[in-house]
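Sharing a structure, written as structure tokens. Questions coming.
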Amino acid sequence: MLGPNNYGKAEVRVLRVDRGADKHEIADLNVSVALSGDLAATHLTGENDNVLPTDTQKNTVYAFARDGIGSPESFGLRLARHFVDSQPSIERARIGIEKYAWDQNDRHSFARAGDVVDTTAVTYDGTTAWVVAGLTGLVLLNTTNSEFSGFIVDRYTTLAPTTDRILATSVDAEWRYSVDDADWPALREFARQALVGKFVTTYSYSLQQTLYQMGQAVLDEVPEVAEVRLSLPNRHHFLVDLAPFGLDNPGEVYFPADRPYGLIEGTVLREGAPPPGLAWSLRSGE
Amino acid sequence: MLGPNNYGKAEVRVLRVDRGADKHEIADLNVSVALSGDLAATHLTGENDNVLPTDTQKNTVYAFARDGIGSPESFGLRLARHFVDSQPSIERARIGIEKYAWDQNDRHSFARAGDVVDTTAVTYDGTTAWVVAGLTGLVLLNTTNSEFSGFIVDRYTTLAPTTDRILATSVDAEWRYSVDDADWPALREFARQALVGKFVTTYSYSLQQTLYQMGQAVLDEVPEVAEVRLSLPNRHHFLVDLAPFGLDNPGEVYFPADRPYGLIEGTVLREGAPPPGLAWSLRSGE
Amino acid sequence: MLGPNNYGKAEVRVLRVDRGADKHEIADLNVSVALSGDLAATHLTGENDNVLPTDTQKNTVYAFARDGIGSPESFGLRLARHFVDSQPSIERARIGIEKYAWDQNDRHSFARAGDVVDTTAVTYDGTTAWVVAGLTGLVLLNTTNSEFSGFIVDRYTTLAPTTDRILATSVDAEWRYSVDDADWPALREFARQALVGKFVTTYSYSLQQTLYQMGQAVLDEVPEVAEVRLSLPNRHHFLVDLAPFGLDNPGEVYFPADRPYGLIEGTVLREGAPPPGLAWSLRSGE
Amino acid sequence: MLGPNNYGKAEVRVLRVDRGADKHEIADLNVSVALSGDLAATHLTGENDNVLPTDTQKNTVYAFARDGIGSPESFGLRLARHFVDSQPSIERARIGIEKYAWDQNDRHSFARAGDVVDTTAVTYDGTTAWVVAGLTGLVLLNTTNSEFSGFIVDRYTTLAPTTDRILATSVDAEWRYSVDDADWPALREFARQALVGKFVTTYSYSLQQTLYQMGQAVLDEVPEVAEVRLSLPNRHHFLVDLAPFGLDNPGEVYFPADRPYGLIEGTVLREGAPPPGLAWSLRSGE
């Protein structure tokens, strides 16, 4: 029995140049299309009458970029609506977009601006459009104002409580909007500032607490956000024991470990927020 | 408002050596623990009374490995049950395991056997245990017996139909069992053989059709499997145009492209299968 | 016959925190040690009398970090001199350091500042110390002022000449100093500015020309530099053909390709510069 | 002053299918071309009269693949000779090739066979051709027969001597031939077997000793090899201390660490071997 399914072209890289008289501007995107609908035939018999080729999806991304990109949210909305509204067999579309940041050196010259990536996921079912924005790869570190104590101690516990540790993480965040039309760049910037600002100012008793504070800050600062999902790896920095060498180590020399790492994941919801619908997945039951 | 959340230690690497008289055996795992339960306090106030530290979770993995590992499925079940049954605040546990394959050179010597990774995810809620097995990184390629034609043609379509193309993919598969006790290694091997065997023998009219055949084969060969989820990137191999150099190219020289790629994802369900419960996620509504 | 050899501890990660009253400062390094010398015995017979364990090398990095790190160049010099001067069997040491950049959010809070990595390689042979600085991962792009024409045309040439293309690269640069004591951070910053500034302002007829201009700029701006080595991948951006969709494409929509890519590598030397000695390798003949 | 330089197309991916009546065969390569010669003009003035475009180099790889690939060594020799012999301005060519391994499932069906990659580097200067073969990513592990003791102890040494440890590495090997015509696949297989066989059977007192034994074995088994270069990371497996949990750990439960790692690099030379010439680099002085 065929269950939920989708298909599409993933990772269509596109660079759009706007050649203004005074200066050029660029948008550098990685666009992934996923479609679902009346697709049983291609699975069961290989009849492709209802299949819009993934190659065509790629072409569509480039053709639509010709008219300008604007924000990734609005570009995703245009693409998602096009696929569903133009093809009877396509009932749902999800457009995932990564946007890479560039600094402008000069009129026509640019430098990549770090490895934080702005993410967008737009889903459309012919009636409703859901917009999720986010970011990934934002690495933050506090050298103090982080404790961890009062936890369960069982047979396997060797961790000592601490009243001062380094707290470091790489923020993966996604926030779901309750609107499908907005000043997307402004909202994104407010959300980003809320996340960073709250990480900086929170005196942390657990990374869970920091996570909740960060999510709540986005809800507080951006009324259009209904829900925030955060995934925060705890990038452990262990104080090195220098006593064997006759040295103390008053919070100065740390070993940043690769693996294993703590992983803290959580959702902060606005009370009375609309249900998520297909915001998080093309699969309706999920 | 705090929504679904979980925390745990991710990517605990463990190598277990069984030093038999005749030969040594090794199990090489990457274990990730995720726990959820009565954890509002640590999020809202930073009180950690209900938190079993992720460091303790790591220690537990190593201590349990001392008693032997067996299959990743059984090791995951032991760990998941331990965390929930021993800690009142922990209501659900999910143990994800990657297992790396090694060939045995000699009594005590081994060589890594490729980059196919066996995956396992066990979830337990105090009453029920769900077991999902899978594999990732299995790269398969057919040099013929693959067509693609009869698809939708719209304004943006430039793809020509083809009656003979290379079909290549990297299989990511997960299958959900309807049992929580079984000869896990045997079932895994049956499933793997079903996936590979059906990829080899299917004359393909679309990658979706191949996907469905592969999923169905697992259900046919392994009665204990209720559901198969497959994610198959279409690793495009484009025939190189050699005409500018005065050469023909009768299906001989191909350019394997990196990006973009088609991505085909689908589920094949056994009719009358039990509902998935928490098999796919700690979040019950998903 | 045993030829050139070296050994050491690679990728010792260290974070150093300086906890000033007004603000904290951090240095985030990845340190690799390579030593060579009178090491035939351990290769030929397994006698380790002359071997300083790589574990001890790691400990030494942490112990030396306790006294402060300063610039990676000075930290590398301290370490290299220590290993050679304290161990009779160690005749040469090479310390490779990657330094990761952080922005300061607040008194004690930081955010990773992109993926450009500052590199350093210090070599010492008991008498002379060579210092090489560099950077990797600096991605630059010009939307115009780049041509490519007048090249050789042979049987296999299909490329059309162009008078306006996108020029993009990821700069890997290393420059060798003729001094072993200097204001290292200042020189590094001058070199970086020279590289970026010249990429921005050069009207390019080939990436080779841009490379040479960039190298020459470093020599012009930093008298202490004797030699610059650059490795510049040509990150091709292909103009997408939108004609099949009835659209023109006046330099607006590009496909950034992954592979293959051009790779341009070259050296720019100051006339009369001292010979490189061991600056580029522990192997003297190289 | 312009120093050594080269340019070329890197990472040209090519899949060649031989469609025999009984079964198909495939060769899956990643080819990188680097050329040097009379190229001052393009660096100094941007005049490209002497530049064979990297795009043409890519086309040449595909056109030559039309005539069959054979071994990577012979394919590299054909390409290297073509570029130098057909272009007056090109004085030296270096062809680097990675070859990916596939198992044959059936007449026309294949599965990727692990992540060991066969490497080849062919250099040609118009007169002489040098051939270097190698492999990368061969991960080997012995559960016993490895000691490490008798080393230097200084102020920073905390490592305890051990008479039984796990020895694991990921072999990167390159061997230089003294011939430019041979049964390349057979020699490669002999070399590979020598490396693996000697790792298995050597009782190791240091990884340096194992390295030397492995290199010597290649020289012993393959008379055509003049020199072997090995780079062996010491993939540390630390015995986990289970005493806090009331458990012993008699060589059973290990933590495989990511970083830092030991790195042992060395060369084993045949006495009387011919000098390397350009075998290792296009730069003659290196």
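As written, the chains take the letters A, B, C and D, and residue 1 is the first residue of each chain.
FYI, a contact is a pair of C-beta atoms (placed from the backbone, for glycine too) under 8 Å apart; a residue touches a chain by one contact, two chains touch by 3 or more.
Computed from a prediction, not measured in an experiment: that's the story for all the values here.
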Fill in: Identity of the chain that, by mean CA position, is farthest from chain D
A
Worksheet item: With respect to inter-chain C-beta contacts, which pair, A-B or A-D, contains the greater number?
Response: A-B
Fill in: For chain A paired with chain C, centre-to-centre distance based on mean C-alpha positions, whole Å
31
Worksheet entry | Where chain A and chain B are represented by their mean Cα positions, the distance between them in whole Å | 23
Item to complete: Return the distance between the CA-based centres of chain A and chain D, expressed in whole Å.
Response: 38
Item to complete: Name the residues of chain A that each touch 2 or more other chains.
Response: 13, 59, 63, 156, 158, 244-245, 258-259
Discussion item. Please output the residues of chain C touching chain B within their complex, sorted ascending.
Written reply: 155-156, 158, 244-246, 258-259
Worksheet entry | Contact footprint of chain B on chain A as seen in their complex | 1-13, 32, 34, 39, 42-56, 58-60, 63, 86-87, 89, 148-152, 154, 156-159, 204-209, 211-212, 227, 233-234, 259-271, 286
Fill in: Residues of chain C defined as touching chain A within the complex
13-19, 24, 26, 28, 59, 62-63, 65-66, 102, 105-106, 108-115, 138-145, 166, 196, 199-201, 237, 240, 242, 244-245, 247, 249, 251-258
